[in-house]
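What follows is a pair of complexes built around chain A, which joins chain B in one and chain C in the other.
So, the complex of A and B:
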């Protein structure tokens, strides 16, 4: 029994499965694990689509309620119940979407006790909470009509609800007006970031008007879709009226937006050829200009295809308007764009799927549409190839849908960062220049480098030289490096290629991390697994953790130097964190190889001149330097320093 | 505690030693840097850095931190009052109230509030001007740590006078402007500089209007809106309903 509805439901259940998988990671590992949000894009798809667009898509509820109950246009009464149901589900979707987006979702009720009436968001939150209540009461009669609620107490409540219909509808309209427009007011606070084509002091009017147009079109489209899926008769007589109403509202919206731009004197921005100007017209054209124009034609208004296309255009365009405001036209630094991760998209799709499933459930079991949903009895199948077809449909379908959802969830888990957010590679600054001295050591022709202490300069006879303080991994294991001395000793400007990659034509400075991929990964020098192996498994714990009761961390453990008395840099120190990084050794390995190989060779070739000191870790890694990194002042103006030639090692 | 506490940052004196950052990290227990997307550099502001020193071309250094606006956008944005303008002046964050909507991050024209993206229980992080020290009569950790007196602490009028004095004393070096004197209604962290500081805000010129005023223009319309819309809808219902009843009665009468 594979009809349209079955395929739709299978897809929806699969989305719900993926949603379940993403939810697990989202709520245990945090926002960063599943989203592409960052400090420069604090709001993403979940706000832009689930909340901003979700509220607008649910606007059909108050529009149809006003049309029928207040303005008495009785012929549209059949649209009211589906519109209210869509609105109710839409607002539930908004609330659920918020639970995903809020960093501390368990505090979602805080606006009830902490009132901050200067915040637009507070007004939105209160209105949405109240409206959700109003919508539930408006829809409750549909549920209470079901025979399941035949007991007198329910019937008395039903009678009461019917009595207060009109006050409820008016409250719903007032609340909707307030928060539909206030969603736009949210952006009034950021004139610095929102592009002037979208920023206006009357955003709230745009939001309200566009919500009305969008609400009408949603009612049209979902009417057409339910007819298609449930084989209802389409109420063609209602289409032209709704079409003309939508056309008027959309034209009003277009004129307001263009008029506002003209009055502000920013109309030129819409024609300056920037991507924002194209986006502006694309969005406005799709949401309003094109459908509003099409709807002027009687043929379009009275045809199902025509209305479906117009409704689709407006819905996509208005979703686009909300997304543009909250994401696309919102300024970010160069190179830090935002595009939702697949998991963010999966959550949005999943929540919408849940809503559609509930919608279908209500349509199938309650009197949402005048015409009860006919679920066509499936043909008795004797195809043994599909086992489920041997079962009665009411047993087969739950199993089928559960299987689909479960499989989708398992599949999704494979692609999710179950272990949590991974820190992101971010460029660090180039080595800092500091002032220091080259101090002769007793063994051989060896100089140690020392940084200037703040009061050193007048006391010292030598002039300070500029040194690099290399701290590539920013883990406070700093190395001082006398670049000028090396240049001089190795043969001046011709010697660069001895250490640097200069063999790529036209490649003046490829950043190190482009090849040495682990450069900015947080790494630890210490390999615990290796130590466990070398110290005979669990028997060796106490070697490093003498007191088993204490927390085992670097503070409480035996210091490395107590065993490694004479540490030498002999082989690879850091393992590649990931086999993908085969293209180049890690940054620290590369640096060690570069320096240590040369140092060792020198020590071997000229043992008299360079003592074996040169190949030991502490030749460069002086234990004193760690804390000094915070204290040292960088060289302000390198040109005033005298570079002393020949002050190498 | 002094009236309207403020910080004056003189970028010409900053040598970029990051003593202030180290002191801030220690005082506020921020821990090691955890790089995250969108920071631009690991040493930019982040959940682990409430203040940071930017290296600008030609070895100029600029300390970036919360400006503690006189009329802060983040405070007006926060729907549960987790961002608070204390009566003393600093803008502080109450983690117990926060629900994590991040509207404050969107509202701040200087992009100051940062988030614990990699944590399952995340909070907003920003400079509090070491409010806990101020109320005990202390001064902010960053100011105390600065070896160059590039950041000084004092009351806002005093610091404005001091800034004027420094600019007047060396007009060739300084740009003739105290950054934060009038911007978006004035800020408590003031800058004087020999280089433009446009990069510290989302837009070069933020104007002098306080940002909360912009949203208040819309919010103040809420009560009249409730009354107006409610009255209009009730009136419309009453009129239309009455007409419909009358016309149906007429129909009945004519039928009868």
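So, the complex of A and C:
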């Protein structure tokens, strides 16, 4: 039972299992949870491999159809069906890969309705959609030949499809020519970011020519692999012809690329010793120069090993060409490199595995190849140790493959962030002290703060005052805060409790950052392990969980304030914390909550004194940032803040 | 790595992977069994199935009336064990609180006193089941390794759960006992589809399967011999 095909299928099903697990997380938790994509690298492996390389790998379909139906080389007819099946599956893979990559995958139908006819991407989308339809119709006869579709209605459709074969083939060639080249044209928009060894104003010609060579080699390799896995006879008579054709196309591609570089005067870059120059020759050599040279020898062309090696080189090299264009040679800011996450690789491998499984299914059940796929019936061996051998393969296989896929999916789940990406922690640092001035603004009593610049001091008449520079995440924008001024205005030492609303144990007027420890994320204040230690392990449980019959959660536990005596402010501006202290909100939210709430109240109480200045963003933030802050400020439900303070509207 | 990090891991990714394995693995068993039943029925020589009899037998085995008739004490012990093992993990107030935290909804819980009683019963019943299996010769001869091992493995999360809930009885630290509890629970999630505990979904099908086995055509035995290349030898 354990032959080549079973091992291959087991591996493929395992990849499909991993794909299923990753898909679940990707579509419920988003791109950020599973990929290394970012705003700087929005195009990663899924575009570079699944879409760019996927379309090119499927080029065999139109190349073989043209060879047989247009150029009339009947000898190659046996290659048409597998080539069209590969193309069909390849394009499905492209569409599915795109679904994974789109941030809003449910909008994939938009190009059908919203036409943007200036966009290359629109042309690609429409061509791919139409070509997928054409390929389905081209392949449909193979399915309809199956006895399952013996009904007259299917047979009439089959007859119709056979009649329109030539128009379909022509449509396929036209559509392929259009979008194989336009995939290259996509890069015309970024001359500054693509390295000059890859950027050219005729990228679309490179893409088209390379796709033809790649398509030919793909047909060769998949033919060889199928015969290896299914014990078919290799059609050795077809190999030399395809070899020489591929050689010519690949040489043409090499001459075009080097010629283009020479004409643009950038050929020197290929020899300047940079990593890009090595990559360029490695990729071009593997994809074209080496196989095209080897294929010139008759002995290589007519040997199975030789053709397999040449085809493998071209395929890997051309995939490399697509990846170089969309990832490697695409410039990014320093420190913003991109390498695909394992989940991205798993999705690409999984989609390809799905395609191969469907390919195998069609080969086994339909007449894709002339030679029938003979699955050996095989006598069941009677061996008590291997009970499964007694099972006929059609019963043993589903058991084996479903178990393999399930195990792989569950193993993948271990390493996936099932509950979404972990929030990025931004620890908050303490405010620093600087010297500055309080400067009167045009209206009323409102004063703005300014930091001392070097050289200010001798010029200024008044002496500078100490100011807090509040800058929790130490970025370039900070808020100046006149702590002493606030103490004076709000009533001296009695006013501390207006803002310092909660104290750490053995501390008085704890600073904001001591509890609001993260810039954006809420932070838990409670440390269960620490309390267990301080309360003598298991003996201390009843201190906080007095009733053993209750569920032990925060709601049923003793309130924090019952042990931590009087750390709470009574006349605080904002809402008093719950007696069981829950998570402390992020630093930014906490500061806005406190400052903005009070400023709004003061402005409402004394409208004449501050005009509307006190309520504005630039009351605290640098005025230069004012308009920007207002635009970028997250929508805050201000009514909620006021109601919380019992002021009403 | 502190035990807290390990606990976090066991309660997060490991639990979700285990739950997925449990649900999908049992689903796989059901699908394969159903498919096998249909396949066997298609090939059966005599397609008249005594439905009423099969349903009665299935229900009899599922609700243990059959077992009680055969051996009362063994049957009762098993019955109590099953009730405790099914009710406590699903309807324990503490577990429901955890579900509420992650799913956002919960369901009515058993009173904690009853849960505690059932937990102790589950542990005692698991041990006595194994003892009974060893004592009675017939069941001893029929048992495989997992028949002895599984009741004890099932008892671990119950015993550790009791100690987590009752710190005064717990000789080890709370964190360590919680770790053992969560780990043994997670382990069970993975073991269920791979061991005899998968009878939780397969039991309703066993009676129809053994019924169908009697419906093969009379000469099918000879065909097995032919397929094995032993046509003329006695089977």
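Before moving on, here are some points about what is shown:
Everything below uses one rule, namely that the second predicted complex is superposed on the first by the 424 of 649 C-alpha atoms of A that agree within 3 Å, B and C clash if a C-alpha of one lies under 4 Å from a C-alpha of the other, contacts with A are read in each partner's own complex, and residues count from 1 in each chain.
One rule holds in what follows: contacts are C-beta pairs under 8 Å (C-beta built on N, C-alpha and C of every residue); 3 or more make two chains touch, one makes a residue touch a chain.
Treat the numbers as computed from the prediction; the structure is a model and nothing was measured.
Look at A:413: by the touch rule set out above, it reaches chain C but stays clear of chain B. Touch criterion not met for A:150: it reaches neither chain B nor chain C. When the shared chain is aligned, chain C comes close enough to touch A:532, but chain B does not.
When the two structures are aligned on the shared chain, A:69 is found in touch with chain B, with no touch to chain C. Contacts of A:551 after superposition: chain C is touched, whereas chain B is not reached. Of the two partner chains placed around the shared chain by superposition, chain B is the only one that A:36 touches, whereas chain C remains out of contact.
Looking at the shared chain after the overlay, A:268 reaches neither chain B nor chain C. By the touch criterion stated above, A:204 is placed in contact with chain B alone, chain C being left untouched.
More residues of chain A lie in touch with B than with the remaining chain of the pair chain B and chain C. Residues 15-19, 22, 33-43, 45-46, 55, 59, 73, 75-82, 97-103, 105-107, 109, 111, 114-123, 147, 201-203, 206-207, 211-212, 214-219, 222, 225-226, 229-230, 233-234, 236-237, 240-241, 244 of chain B are the ones that touch chain A when the two sit in their complex. Residues 21, 379-380, 382, 395, 398-399, 402-403, 406, 409-411, 413-416, 418-419, 529, 532, 537-539, 541, 548-553 of chain A are the ones touching chain C in the complex.
Residues 4, 12-14, 16-18, 20-21, 24-25, 28, 31-32, 35-36, 39, 93-94, 97, 102, 109, 111-113, 165-168, 170, 173-175, 227-230 of chain C touch chain A in their complex.
Here chain A touches chain B in the complex through residues 27-33, 36-43, 66, 69-72, 101-105, 107-108, 110-111, 114-125, 166, 169-170, 173-174, 177-178, 181-182, 185-186, 188-193, 201, 204, 331-333, 336, 420-421, 423-429, 454, 474, 520, 522, 630-638, going by the rule given at the top.
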